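What follows is a single structure, written as structure tokens, with notes after it.
As written, the chain order gives the labels A, B, C and D, with residue 1 at the start of each chain.
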Amino acid sequence: MIEDINLAKTIIAKRIAREFKDNQLVNLGIGLPTLVANHIPAGINVIFQSENGIIGMGPAPQPGHENPDITNAGGALVTVLPYGCYFDTAMSFALIRGKHVEYTVLGALEVDQEGSLASWIIPGKKVPGMGGAMDLVVGAKNVIVSTLHTERGKPKILKKCSLPLTAKHVVNMIVTELAVFRVTPGGLALIEVNKDSSVDEIRANTAADFIVADNLKTMEL
Amino acid sequence: MFHKLIDRKGFSDLLKDDMTIMIGGFLACGTPETLVDIILEKGVKNLTIICNDTAFADKGLGRLIAARQVSHVITSHIGTNVETGKQMVEGSIKVDLVPQGTLVERIRCAGAGLGGVLTPTGVGTIVEEGKQKMTVEGVDYLLELPLRAELALIGGSIVDKAGNVVYNATTRNFNPIMAMAADTVVVEAQKLVEIGEIQPELVMTPSPLVNHIFVSEKR
Amino acid sequence: MIEDINLAKTIIAKRIAREFKDNQLVNLGIGLPTLVANHIPAGINVIFQSENGIIGMGPAPQPGHENPDITNAGGALVTVLPYGCYFDTAMSFALIRGKHVEYTVLGALEVDQEGSLASWIIPGKKVPGMGGAMDLVVGAKNVIVSTLHTERGKPKILKKCSLPLTAKHVVNMIVTELAVFRVTPGGLALIEVNKDSSVDEIRANTAADFIVADNLKTMEL
Amino acid sequence: MFHKLIDRKGFSDLLKDDMTIMIGGFLACGTPETLVDIILEKGVKNLTIICNDTAFADKGLGRLIAARQVSHVITSHIGTNVETGKQMVEGSIKVDLVPQGTLVERIRCAGAGLGGVLTPTGVGTIVEEGKQKMTVEGVDYLLELPLRAELALIGGSIVDKAGNVVYNATTRNFNPIMAMAADTVVVEAQKLVEIGEIQPELVMTPSPLVNHIFVSEKR
């Protein structure tokens, strides 16, 4: 296991950042997924969408250049790049639901071997609401779940989610600090392992059934 | 010709207990804050608020919840306002959580005279409870119904005296959609300009949709 | 009867123009309805919508000031007034269907005592298509049919339309050169008569049942 | 980074017999005329065209009908192009007439990932034939289904090299809606500008929707 949580998150962010091709439109969720933006490989221009109404979102503003009218979906001040634009929420979710966003990257409370995701409610405990997450996972062409492999020792990847779902059968890929899984018609497939981990360690920390891909690889970061 | 400017009293007179009000903004960005001030001052109660999120207890429309003027909120996210969750647990506010893309389409339906829309969002989740499910060409959808209000409060960046509105950057969000879906529409103008100063291609809410213009006291 | 067709059309246009209040949003159909714009009373500012994407449509451009990018729904070059704006077709019909347009004025092949209208097809003979007419009559708050009272001696106002409908039970008012009718829950009501005509002449030239309003008036132009 | 410019050959290579193509414009205003020229030159046949109207026999996309390259057209109006009516009577072209507001909503559904929409338009007329009728809160609606194409041809007034599009005046019409509802989107740019020259609030079609930019040979 990788004990350093910040290191674990960086591994996840770096690995996900390698998925994108030039000019692809990507939506990153709040929290861990946001880190992905810091690790886009040189030579690749990823276009970031923010569901509150931006395409071409840039980094946080330089001190003294903050504009309160330019925020992201987390409410933080951001910038827009020269090729960027703004639109209303109807257009934003038309883009999202209409399969115009190539990748959505988001966190999970639970994710399961069927590709179902729970990320928006712990009944009786925490009810923030789904925000745009339900639309994003149903609408984006590819859904990547970014999650620490375990939380307080408990696996996050399950046979079946127990919490209310964000959506059913929508996740394409799960990236943790230890492994990369793909959800395939034949079930969950382990396709990459962190060089410092092993199939056995992953099996011990995953509560889902999975097959090990024939061409299992080491996670490249 | 166009006599749309109103003052604090003019806006206050529009407010009543038990009203259904849509308020624009996304985590308070684009929310008409002075209009929220005036609702707080008037103290009308038992409001139903339709909004993207309940913002913060001390900023945006979330202040109305903190002041316990709201009995029902229809929204996609309440996580940034501790008051909403607290009052929900107490049972003093009813919270309907709606996926963001569904929320905006439901408002759009009301504004566009459509009877409903089929969305794949929420299928297989608790969102589908009580809703009609339909299959079109092998895909399952939920039928989502229109959502309308008596009053829509809009945050406009540049507004001309006819009522044409431009929204800067991400202040746009739900504002132009809500401006179509209420009996009365009030826009809080960050900047009021003369007719003819806005490029006609840039208008995001056409003037006939706006009933009243209130010049913002903020910024 | 009024034999001069141009005079008849002017009477209809003048009468309809008197319906509007200051700042109302109005859509005028092609042909006869277009003439209404020339007769708006002084002191009243009517805002014209054109379904191809204008609010605040102005008159035809002065020679030398034509802009091929500014056309109306009939394809003619027009202008936009200083308070005007442009939008796409989805927005245009959201405005129309969503009851944001106060009046739509359009012509008829047939109109009947139930408020149904036929205006877009003569099967086997003339099939131009409905364009935006079906949405306009369903969506506008008030539907005014402007029509010559008869065509080649035959009444245009019928008991029941025989041609395929544009919409059922949507017309609020019918204005001809001889009369003004209102479609009421109790049936078609004659509410105004041209000073040069009479209830008898109207009865002879109308193929619909109608009641004569108690407060029958002379058409004011 | 953005390599979207194509020439005549690049566009011609996208064309195939039997394609379904959406073409923007309203009575030829906003129609990409050079792209229509190239379709005429290539002579592809048996096309299905989705469009507001069939324009004129000698202007706009109506020229494709006059050249007998179209076997099916889905549109709201054919009255200005004598060729469409003539070929319809002959039986050599299939014409589906769709109310304008319904046509644009059906295209929007396809572009927005919606399974359909309930509209009151057409209820009680021959437009309702073969369609599911639904009653919501006492009002009758028709369920109208999405309409998608392989190719959308868009007339843009100002286009930057990333593919952001602005439409002047009434050239906008169906263009931004169609730009969302096709597998491949080609915009004919009246004026090509550098990235950064368009105000981000004014963009009407965001760049990721545009696959190819063709610089117009007209005007």
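Assume a contact is a pair of C-beta atoms (placed from the backbone, for glycine too) under 8 Å apart; a residue touches a chain by one contact, two chains touch by 3 or more.
Just so we're clear, the structure is a prediction, and the values are computed from it rather than from any experiment.
Farthest from chain A in terms of Cα centroid separation is C.
As a whole-number value, the distance joining the C-alpha centres of chain A and chain B reads 29 Å. Averaged Cα coordinates give chain A a centre that lies 55 Å from the centre of chain C. Between the Cα centres of chain B and chain C there is a gap of 35 Å. Residue positions of chain D with contacts to 2 or more other chains are 105, 108, 113-114, 119-120, 167-169, 172, 200-201. In chain C, the residues touching two or more other chains are 80, 86-87, 93, 96-97, 138-139. Each chain pair that touches appears in this list: A-B, A-D, B-C, B-D, C-D. On the chain A side of its complex with chain D, the touching residues are 22-23, 25, 45, 47, 55-56, 80, 82-87, 93-100, 138-139. Residue ranges of chain A in contact with chain B, taken from their complex: 50-54, 67-75, 80, 86-90, 93, 96-97, 116, 127-135, 138-139, 164-169.
Remark: chain B residues 1-2, 108, 110-114, 160, 162, 164, 180-181, 195-196, 198, 200-201, 203, 206-209 touch chain C in the complex.
Residues of chain D touching chain B in their complex: 105, 109, 113-120, 134, 136-137, 139, 141, 143, 145, 166-169, 172, 199-202. On chain D, the positions that touch chain C within their shared complex are 26-30, 52-53, 75-80, 85, 88, 95, 97, 99-102, 104-105, 108, 119-127, 157, 167-177, 204.
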